[in-house]
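Here the chain labels run A, B and C in written order, and each chain numbers its own residues starting at 1.
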Amino acid sequence: MATLHSRAAARLMITPAVVLLLGWMLIPLGMTVYFSFLRFNLLAPGTESWTGLTNYYFFLTDPSFWDAIRNTLTLVIGVLLITVTGGVLLALLLDQPIWGQGVARVLVIAPFFVMPTVSALIWKNMFMNPVNGLFAFLAKSVGLQPFDFLGQAPMASIILIVSWQWLPFATLILLTALQSLDTEQLEASEMDGAGPLNRFIYIVAPHLARATTVVILILTIFLLSIFAEILVTTNGGPGTATTNLTYLVYTQSLLQFDVGGGSAGGVVAIILANIVAIFLMRMIGKNLDA
Amino acid sequence: MARAVSTRRKATFTVAAWAIALAIFFPILWTFLTSFKTEGDAIASPPMFVFFDWNLSAYEAVNQRTNYLKHFWNSVVISFGSTILGLVIAVPAAWAMAFVPAKQTKNVLMWMLSTKMLPPVGVVIPIFLIFRNTGLLDTRTGLVIVLMLINLPIIVWMLFTYFREIPGEILEAARMDGADLRSELLYVLTPMAMPGIASTLLLNVILAWNEAFWTLNLTAAKAAPLTAFIASFSSPEGLFFAKLSAASTMAIAPILVLGWFSQKQLVRGLTFGAVK
Amino acid sequence: MGAISLQQVNKAFGETVVIPSIDLEVTDGEFVVFVGPSGCGKSTLLRLIAGLEDVSGGTIKIDGSDATLTPPSKRGLSMVFQSYALYPHMSVRRNIAFPLKMAGLDKDEAMRRVDAAAASLNLTDYLDRRPGQLSGGQRQRVAIGRAIVREPTAFLFDEPLSNLDAALRVNMRLEISELHQQLKTTMIYVTHDQVEAMTLADKIVVLNAGRIEQVGSPLELYREPANLFVAGFIGSPRMNFVSAAAAESHGAHTVGIRPEHLDLSTTAGEWQGKVGVAEHLGSDTFLHVHLDGGGTITARADGEFPVSHGSAIWLTPQADKFHRFDADGNRLP
């Protein structure tokens, strides 16, 4: 629905956004790929030399890389399990007729707006600290030894913190999806003789399936890049117990100044993220046509 | 559809929902309470909930010993600056995609979104080096640019979904009424889309305010926003609970308030319209 | 002056040809109605004239000068849209004044014209309201007000009445007709409703699948439809068509007879049948008659005609009101 005039104008209007994003994508991405084939250390400037796949070889054979992959997957899957299951249950609960629904909802959503460094530090110090933390007090008051969460179960603790941050997101989206369910559909199924359980299985669950998939995909994109929570709680430790891929690349490049090795890790991270992104984009694309 | 629900059923659900909601909210509440304690009361055992000596000493300490206001101001400049700059670039682009769709429009939009999927570690090294060589490291300008770029796809996308709800006939009417493109955007589209533009602004300010990869990696002392400032409490300083709480409360309170206003837009913006 | 001339105008969206080629002359001051079923290309044709779409080929002349490449804002035409397309964020006054503001008209003069237009459309009391606070009919008037203030070369109407309820539609139809009598400006009006076409038009253009089937005054189209399509489209209820033996006896492939041109009798006549559904409208009764030889025919009787479901009835077509068509559906002389 348009004319040559408006089409020409449209091209002009869209150009700045396209050029900027194209530059943002291509220039650093190209540089990362290029660096990943170089021997390039910031501490020894001017000694860059082509090394082919050596960086990949070292990175992929480094035990800490496989630790990082395992940690990344543990973190992503652990948080997904908690947030998605919790989110579905919480959304179903909040969708029931309750007093003060709006306020309860607001309270549940709140953690999403807390910046990652703040939530990580509050949990680390005020709750999980084995001496003064609230959990230590609770343990002591029932006669147990305080548990050093971040020392003894660092990954589980980080999963807990991150889940607390993202549970609201999952809940909010699933709740929105629930509320968009056509009540006439539910009433029709009731007229057709479906009880509450059957209504959930045949009407509600299929309706939520789509939203759940979206939640899983989007969360995965964000969870693959978890960084600040690790930085301020464990610094990736003890050892490499909480070093995920993002954090490993950070250590290698910005702490050890090994640009080449870090870049190879970056490329691996991009490939991983893209696998998820492809599925997500498909879902969004389908929605665009509708 | 209004239906009678038995009071007992409603009461049961209410108690359950509120119990969980309060548990989830508790860390924030605890932080808020602790920020008004003295350091001694903050680590008292048993913990003190309400009956402690309410005072502002932690806030005073944070403001005196650190440059809190500077970091707060950095956060404001960076989050609003990047979002407003993003809007200026995104409004024309979203207009074009919503009202003059071409064969490629969908692909362009999808491609823009796909840049959002790029993991930051994939590009952090070149950006770091470019910034170091151009003097953008640890500057607000540098962060405004980066955060604008990482949020631009969301801004374009959100505006696009809002614009798409405006009937094209109204813009055509403006054209028939003799409006050129500039007048069409200025007098008709922008005022009509104002609620959508405001929501987009709000959500993206929140996202930029809380962004904690680029802000931590590209700043040191000078341009550090609150995310980076709070990170400095990860050292033993974090054991001063009252001061940590006071600094945290000041960092999250404004955005918590904005966030509660933007619940609906949050879903729309973060699911790219895949959930309505 | 408001003469519009289309020469070999055609339009394709990608591979889909919507309008193969159209030539049409609209003379100054004429009320022309484009009518046809949905998807016939009538709205597209209007949008081509408006400049909201580019032609794929051909020429559009407004007042003799080539306007094919002129953007819509420079064509000097006004348009009333199906959805009214009022600016929801502006008051009625600012809505009506918008074209004048765009034209850079001096403010006092603009307000004078807005007030005059509002007075003539009974909108004076609503000038400070927003479109959202108005009824459908009032919104329609605002849209018309916005169209008339700039004194355009011609008015374009895109199914302007289709969102109104039946009673209001009849009123607005009259108002638009009166507006045309007053202004004597060219109007091009698109509708799928043949009653609107018949009552409003000086000249009706019947479109089907992007082609012009016939151009003529309402009565020409009614009396001498050029083909089966026009015959079936113009007139309500539809013309009855009979083929086979009954048609061959008149030397045609198909004959048509309008429901109002059948004489009815409960005792004798040319065709015998049984009454199916009888629709009593008060002033008229429409009978759906199942002929004994097969086929169903609609006939108009007066309001008090005493038949009911299952009654036997005889129909006699008025000999001079037959329409004869050949095998291709074209009118035989």
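As a convention for this text, contacts are C-beta pairs under 8 Å (C-beta built on N, C-alpha and C of every residue); 3 or more make two chains touch, one makes a residue touch a chain.
The structure displayed is predicted, hence computed values, not measured ones.
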*Just list the two chains that share the greatest number of C-beta contact pairs.*
A-B
*Which chain has the mean of its C-alpha atoms lying nearest to the mean of all protein C-alpha atoms shown?*
B
*Between chain B and chain C, what is the gap in Å from one C-alpha centre to the other?*
53
*Roughly how many whole angstrom separate the Cα centroids of chain A and chain C?*
58
*Measure off the straight-line distance from the CA centroid of chain A to the CA centroid of chain B, and report it in whole Å.*
16
*Any chance you could list the residues of chain B touching two or more other chains?*
none
_Quick check on chain C: which residues sit in contact with 2+ other chains?_
51-52, 71-72
*Out of chain A, which residues touch more than one other chain, so two or more?*
1-2
*In their shared complex, at which residues does chain B touch chain C?*
167, 169-170, 172-180, 183, 187-188, 191-192, 194
*In their shared complex, at which residues does chain A touch chain B?*
1-2, 6-7, 9-11, 13-14, 16-18, 20-21, 24-25, 27-29, 31-32, 35, 90, 93-94, 96-101, 104-119, 121-127, 129, 132, 134, 137, 140-141, 164, 167-169, 172-173, 176-177, 180, 183, 187, 210-211, 214, 218, 221, 224-225, 227-228, 231-233, 245-246, 249-250, 253-254, 259, 262-263, 265-267, 269-270, 272-274, 276-277, 280-281, 283-285, 287-289
_Residues of chain B touching chain A in the complex_ = 1, 5, 10, 13-14, 16-18, 20-22, 24-25, 27-28, 30-31, 34, 43, 45-47, 89-90, 92-93, 95-97, 99-102, 106, 108-115, 117-130, 149, 152-153, 156, 168, 181, 206, 209-210, 212-213, 216-217, 226-228, 230-231, 233-234, 238-239, 241, 244-245, 248, 251-252, 255-256, 258-260, 263-264, 266-267, 270-276
_Residue ranges of chain C in contact with chain B within the complex_ = 50-52, 71-74, 77-79, 81-83, 85-89, 98-99, 102-103, 146, 150, 156
_chain C residues within the chain A interface of the complex_ = 51-54, 71-72
